């Protein structure tokens, strides 16, 4: 029944009364449009040009507000469920709280300081302080970031990214870190690691900003380096610094509810459309191609991981399927707006296999306890995705490089521009270094001050009771 | 009075319950349990980590009966619970010195 | 990668073929636009003016349909999960059913009668009957309510509000009310309390309608008085009238699954963007600022409540965090479209502390059994928020008051217009009185007819089995 | 506070800077618009016409991307939760995996082949191969399908339908089918049954395509025949072919968690707005009326089913309420864009009763084991809805039939066009035959090759452990 | 030493626990159980399928006490658990030959 | 034959299970339990309401063994379950008069 809308007879009438309505309440001197109007054509043109721009702005804003809500949904309940299903019953609430605390804390720090540090113009490495307390962040758009939506929309959309990034790290030190230490660490981390990285890649004058002429243009559509590499690498450092959970790996530490994790993973998938397609910052066809790439990457990665399990264990698992999907979503994140649907399938498939190996083999080789595989999935997948973006980026999908005459230049390696892969390495390297160094410093700092880990007894009793005085499931009732 | 404790396969619960009631028992108490024995468990995989699960779901029945019908009840349980496969479970019998019905303080076999 | 969309080379071509497409199937005499067109500029202008208005309408409609879906998601599964996690296992389904029944029942009563009672013009207190069975509620917009979206969109969006409001009350009498009595009570309640209140605040000729020149202009952007004060106060009356649950407060009545409540709370947060930002009724910058205020208020309140717990119990709890978030969302609801982001943080913080005290102290002082704190959170938070709206409302964010010459007048107390706080009190007072009186009458009525409470035995056995013949979790399988 | 947006003073300024922004970065020669511009009116007109078309496209695309995300959410986590809550604990993950596998598998097959088979023009029964590997599916719209959105958006939106349809079938053979057999069967099924049916009803040259002049114009707004009849009928065949679960119906096989099913059902409801309102393929008033019809149909059906239970069992159940809602959503699917809100209430009410009878009576009469009632709800409800669409379709809501002179002709039976009911029967009949025959062939094929069912021992132990090597809930932790 | 096993209504747990501690018991072990007896169950409906649930939620207490206080404890349980309605539950008593406190290997009554 | 009932800390389950199998036991039945004893519980807060939780999670093992190896098994349990902290748990021993293997109706010690 698809085309009938456009056959609608009374649509014209609607359109007209809409017009009048709009006229009456939006356009000064609208009366001027009644037949008897003396208004010159020029006036009408100017008004309708404004009206068209306003309509475009509303359309893009509608999509960006939806995307912002979707990205928040990724952290809560998405990630909270995904992670808390993987821990033992006695830590389910504490794990959820780590994601939830990020929503509450980072929101405030973002409003006070972080937005300015990340997106105010400033040095190549960090933003300035002109926007602290969101000064000057209002309804007017900033064309450097998003020309058709209120800057405030851009601010709150970016906030959702700043929330989920530290929340991802919590997977590495699940089941053993003090709540107070966790909160303090991640707050400082967002200042020391996230804000600079976001500025370098997306901020004005950013060192790696490919769209605003950064020194080393790194392609990162939706945060492969900014979000996943930084969080994943920091996760690895945390796992190494904090050490293993008591009894790991000897003891039985199977997920207490893969059911919760499954639901969380599905919500992550759905929310990721806001994360990647939203990063087009408008509702045009680029959003669509990012949307498609995202979905394809996730599906292919889920198949890749499951295939690996099928081959290795004789059967694919639900946990494997959802882990693969998340790995694919991570890997496609930097590429989403640059690659064709078919390339997205390749990236996803490779990521599925790669992360499977990282999580099942590499981790056990080195023997660190990255409890929920924050590094294995986000660090590894993010790094892989960032590199592959340089390989698969297509100028047909998104002609980002042009010569002086405006002729489109090749984007990625497969188009002959292998140099871009180098730039990608630069971006990744900086993210690795910044994340690793920043994380070590902060962990050390907190370790010597308030301490990082709960006591052995508390760890045995569980964080829910010892950190929050609750139980996730009440046995009695 | 004797207490009959039977550990059976969960899938046999309904059958055993009916058989036991058949045999003239008035009351049964049932408890979820996990069992380890000759029956070998299975392997589970979570992100490459392998768990051999050797504690399998079982159902434990506790039935206190007058001495007279002990054999009858045991036969009923064995009959209903047997599949012939390893893991069918066990029955244990032990003496009960006193039984009290809370509702009316009745004592002894009549309280069962 | 933010700006590339707008660098897209083949976007012009798209735009053109879009244009043609649109032309072909939307605009009569579109052919007139081919170069060879004889059509006068005037014709083309008129058509493009209509096209621009249509585009704006589609943009706003896209956002409002999304918002409507989000607000439904707040009730189911959001509120259903939030509440059912807080009860004992034996009442989990019954608690969910109370929310679900509202979705089903109020939808029908809204279509038949309530929409008309609330939004048909009529007296200052109640709407007329011109729109029963949705007569005259079609595709054409009603400029008094929302000039750019189909009136039907407005109708269904408002319906979602009418659904969640009575559902909120169910928290007060959880675990002890008959399903039949609950359904009948809340149906009548929506006629007697909700429809009049909605009409007064938002309806044409409404006594408190600030945008359509009501007698006592009360600022209520998204339903602080209409939704939260009415439901919260009615909840208090229900708790007092029905009396305590058997064994309360002596017996162990801890939440059976804070996990469920956590998920529900997160979905409420996400859905609330539709609730508040959707109340802009368009996708423009006002929606953005309401969106931001909503998120900030929730985050600050979560911190406030957790801080209070940390101070009082030595540790913050997950239940505290989510309760705070909901309290903040409630308090920011009437203010969302009027206050700056920073004011939103203040309102949230205050609400977090205030509701914490209401729920933990005040309730135990008076000793009523508001089982899930519907009053403590929604009644108290809603009242607080309505007052604070009068304090923090900013004419810079939303210049609602103007003098004859159209000069912007101060909005809230901090701008010097303390009189507005008085108006807010009037609105709140009316909501309190209407809710309290209406609720008592209905409870009495049902009590003497079909009876309100289940028997003691049924209460002990649980509502799931006695009211619905089911169990939430099957022990055997 | 509804109207303030349109009173905004600085909105004009925004609009202007928006305009400039847009101008600067979208329109070649934008400078031409500065007062001093020499550009002729005609140029400006052409540009603004393009801008208006672009805005309309963005608005519709925003809604369609949102809808696509919502429809994915229906399968995961929606359907996965709804179904897995109804099975026994030992099969919870396997049931979720059946839905999840469809997301992963069908996505790839759709990209490779299915999209082309379904939507490439071709014969009346099946599409061609011009679009394999999504060749030619880009940013430009295809006016035959959706004139205002990128064809890629249409492709991915349709993909979400292709995913959920086979997933619905899994309800029939839950708890006893091999994972490998399930995956292979449903993959082949989507080629043999879904793609042809989708082509016939929605594809170019489709035999039943009512909007593109098919031979037997069947009204199916959002997939009553394509999605629900095909999946439901195939489900029946599966249930008959595979036979009953061990111990059915003697043994205790109650849902292991109606709580999960409840959450799933609510998410299905919310997602269904994307399914039905999205099928308008634009964000105009038709989307709104489909949205309203969807919600009303679901609510009325929930009441219908609950009323039936109340009458029969003395109490309504939560499972009954949600089952009714789903039945209503199924039945309203083909009608959503053609019927008035009041007709939607009727369709829903009838569907609620009808499916209740199918599930509770008819199934037990015939004694097949349609474990989760995929046929009873989707097959029966879909068939009923398709027929009732022919009865209630209203030319006032959607004037689909016109005579040569363009005068609107009656749509449905109640308007006198009973002939349409006949056409509906034709569409339904074809769907039944295609689904039944195709399913039997495939089941036979797989049965003789790799086999369909797990062994009795595996079935007793549960599919989670035997098919996936996991447990849904870990008892120990 | 004697083992007192009491099957009671879940709603009575708190009351019984307090009463027993009153009576001078130091330790209690509690297990969730399902019981079948004279108390008739209820009917559940799932999509028209009717289940008669005759296994009702119960709580089982296991208390090992020195012989002297057995009667006192039994009285305490009966007193606290009784509602007078069918389903109140049962108490079973059986001999325990040895008790060991794991912490310090204490044996006999002192280990309780 | 004797029934050995051991109540232990959940975190000790794996260790105790291995130790007991070491000691030559063929079968074990495990039950989730809650325990009250000298070990003091903890406080939980729900919206300001304070709950003192004095029923702590425990695991109960039931092992029926031939008289000969009772001490050996008890030692194994004590050895593996002891942390030296209050709450380590208890072991209770009581006589079993008969044991039947359902699978093949074997009786007596050989059935264990």
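Note that the chains take the letters A, B, C, D, E and F in the order they are written out, and that residue 1 is the start of every chain.
We adopt the following convention: a residue touches a chain if its C-beta (ideal position, glycine included) is under 8 Å from a C-beta of that chain, and two chains touch if they have at least 3 such contacts.
This one's a predicted model, so the numbers in the text were calculated from it and none came from an experiment.
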Under the touch criterion given at the top, what is the topological distance in steps from subunit B to subunit E?
1
Taking all residue numbers at the subunit E to subunit F contact, is the shared part over half or under half, that is, same or different?
different
Where the CA atoms of subunit B average out and where those of subunit F average out, how many Å apart are those spots?
18
As a quick test, compute the distance in whole Å between the mean CA positions of subunit A and subunit C.
29
Report the inter-centroid distance (CA atoms only) between subunit B and subunit D in whole Å.
48
Multi-chain contacts only, two chains or more: what residues does subunit D have there?
3, 6-7, 11, 14, 25, 41, 45, 48, 51-52, 54-59, 62-63, 66, 139, 147, 150, 252, 254-255, 282, 284-285, 287, 313, 317, 319, 469-471, 475-476
Going by the touch rule set out above, which residues of subunit F reach two or more other chains?
31-32, 34, 44-46, 55, 94-95
As the complex stands, subunit D meets subunit C at residues 1-9, 11, 14, 25-26, 28, 41-42, 45, 48-60, 62-63, 66, 70, 88-90, 139-141, 143, 147-148, 150, 252-259, 262-263, 266-267, 269-270, 273-274, 277, 282-285, 287-289, 291-292, 295-296, 299-300, 302-303, 306, 313, 315-319, 321-322, 325, 341-342, 345
Of all residues in subunit E, those that touch subunit C in their complex:
11, 14, 34, 42-46, 53, 55, 57
Touching residues (chain side subunit B, partner subunit E) in the complex
3, 17, 21, 26-32, 64, 94-105, 111-112
List the residues on subunit A that touch subunit C in their complex, please.
3, 6-7, 10-19, 21-25, 33, 41, 44-45, 48, 51-52, 54-59, 61-63, 65-66, 68-69, 72-73, 76-77, 80-81, 84, 92-94, 96-97, 100-101, 103-105, 107-108, 111, 133-134, 138-139, 144-147, 149-150, 152-153, 155-156, 159, 179, 202, 210-212, 219-222, 260, 279-282, 284-287, 337-338, 398-400, 402, 408, 464, 467-474, 476-477
With touch defined as at the start, can you tell me which subunit C residues reach subunit F in the complex?
249, 252, 254-255, 309, 313, 317, 319-320, 323, 356, 359-361, 363-364, 373
